[in-house]
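In the two complexes below, chain A is the common chain; its partner is chain B in one and chain C in the other.
Take a look at the complex of A and B:
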């Protein structure tokens, strides 16, 4: 599979697992924005962006774990009624 | 039939669940249910208040949504990630010269210094870590005054500042006044809060040693003409100090282009940890300060004390992140700010925006709602964490001195709210806030007899109140 697509899917999957409402929405939005901004990169620049994306994936994984160990109180936005 | 008026979003959710459950369970009764759903208010359950308004009934469960980014910001998870190793294994004192624990921590601090310097266009040697912008403000104002002033035998005893500065700057100036310095508190322009350059120039004397004007105001978001003030001060050979806590990482800063000599920076306003800040002290031409703390001479002798390298690392990481994300953040915050401002102005009549309409940080939105009492509006907005423009949430009932300096009436100042939007604010939160404001400002105004009179076209200023008739 295309490495950038698999990276995108992994990042999005992790982003949806973030515990805190504000961080979760930001992570999802930022991942999509990042891939949208960099969609036309090629060659060396694309490799650099992929590496940066991989680092961000590691950071996101660690923070998802931390957030689940110390969960935030549910936000008012998460309760529909 | 018991009915309860709900918010538009709650109505949608209630209608969705009601229709879903009705469709699933009772096909015979669904015909009867569907007729009631044609009313604009959704029927939810038996209402214990019999249709009367109860403020308790309108709150949702859960933690309030955070819309107060001007007071502090959450720590970005990427910043926390950078800080973690230093809180576990790398715990050496950065000032220990003799072993690798110290060298490691020192490297961490120096990296952070570079990251901060890069964001403001300075050299790392010009950054001093402090405990926050308050300490930086104290250090620069008192430090410069003591070095260049009467104690330091240079006989400069005049300081200029504005009326809308942060409390720590105003209080430091008051402290200097008690020591015998002269301080001019410049007024600001009505409604916008901008400093008038002519007034500033006229206030400058031969013995002026320092001008302190904050770059972006924390209550109204107005961005002062820092470049012009810097150029004027450089021409007159006066030190220029600016409190850039609200500007750092949000608007671009270049200390050389702006001719800034001293600049206070705060970490917890740019998604970094609380408890750390920095002071930029220019080296060419050299700015001298008398330190506040005596001790081991750390930070070029200006700020003794062991540095919290974890906090410094967090601050540095936050600055690096701010530099990378500035374009994205600015676009997002501008979008949310426009949505909020247009929403308020379209849906709610008689509101005033405080601060300059263009030259500002879009994330800091301050509105005065006429004929609404601020405290009751705050109580109604329990599901949203916002700050009021007045200090009525604290023990004193005085309206905010910043709003008063803008020429806002006391009663209007009491009916002011400050909204802070940031990187982590979601669009739904802004929609939620707009719905709540619409509902509660409307409700409070319905109850107000002054509002009724205004609606009838009576000019309140022309009323002869019976109390006044006795004079």
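Take a look at the complex of A and C:
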């Protein structure tokens, strides 16, 4: 299995769990952007980018836990009529 | 005497009905729902196909006119590998399931997705 595809999927899954609407949408957008920026990397640079992505996944996991401890009020965007 | 016996039977029946109701209340379900809740439900493949095609058509990076029941994400719809991950995740959201990585990697066309979802007992 391709490690970058796997990282992309894990990052997106984690990003969707963020409690706050604005942070959640930013996280999803930023994950996609990061992979677009680095899509043509190869060799050592690609390995470095993957490691950075893995660190960001850990950060995201911690932020999901923190966000769920202090939930915010739902945004008007979430209460679609 | 006869009528008092009848009354006892009636009141006993009422009491047992009430206790059944109490059990149902505690479980927070209607008695009639209990049987349905645990039945495994496979979705009808035709319905699955229709819903998957709608999901893929709504995906902003592919041309809705090109989407058909046998489209391949990369070859026919012009998506890259990252886009196909997003499509598969959109399908997961639609059917309220989570597809493990190994199986998600194998879904490369609408046909594959229909086959997987139609065989998935938890898909809604």
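Keep this in mind: the second predicted complex is superposed on the first by the 81 of 81 C-alpha atoms of A that agree within 3 Å, B and C clash if a C-alpha of one lies under 4 Å from a C-alpha of the other, contacts with A are read in each partner's own complex, and residues count from 1 in each chain.
By definition in this document, a residue touches a chain if its C-beta (ideal position, glycine included) is under 8 Å from a C-beta of that chain, and two chains touch if they have at least 3 such contacts.
Values in this document were obtained by computation on a predicted structure and should not be read as measured data.
*Asks:* After the superposition on A, what does A:23 contact: first (chain B), second (chain C), both or neither?
*Replies:* After superposition on chain A, A:23 lies in contact with chain B alone.
*Asks:* Who does A:74 touch here: chain B (first), chain C (second), both, or neither?
*Replies:* first
*Asks:* With both structures placed on chain A, which of the two partners, chain B or chain C, ends up touching more residues of chain A?
*Replies:* Touched residues of chain A are more numerous for B.
*Asks:* Would you sort A:12 into first (chain B), second (chain C), both or neither based on which partner it touches?
*Replies:* Only chain C is touched by A:12; chain B is not.
*Asks:* Would you check which partner chain A:63 touches, where first means chain B only, second means chain C only, and both and neither mean what they say?
*Replies:* Only chain B; A:63 stays clear of chain C.
*Asks:* Where does A:1 make contact in the superposed view: on chain B (first), on chain C (second), on both, or on neither?
*Replies:* A:1 sits against chain C, while chain B stays out of touch.
*Asks:* Across the two complexes, what residues of chain A are contacted by chain B and by chain C?
*Replies:* none
*Asks:* Within the complex, which stretch of chain A touches chain B?
*Replies:* 18, 21-23, 25-26, 30, 33, 56, 59-60, 62-63, 66-67, 72-81
*Asks:* Hey, which residues of chain A end up touching chain C in the complex?
*Replies:* Residues 1-2, 5-6, 8-9, 12-13, 32, 35-36, 39.
*Asks:* So in the complex, which bits of chain C are touching chain A?
*Replies:* 81-82, 85-86, 89, 101-102, 104-105
*Asks:* Where on chain B is chain A touching in the complex?
*Replies:* Where chain B meets chain A, its residues are 10, 13-14, 17, 60-66, 74, 77-78, 80-81, 84, 328, 383, 423-426, 428-429, 432.
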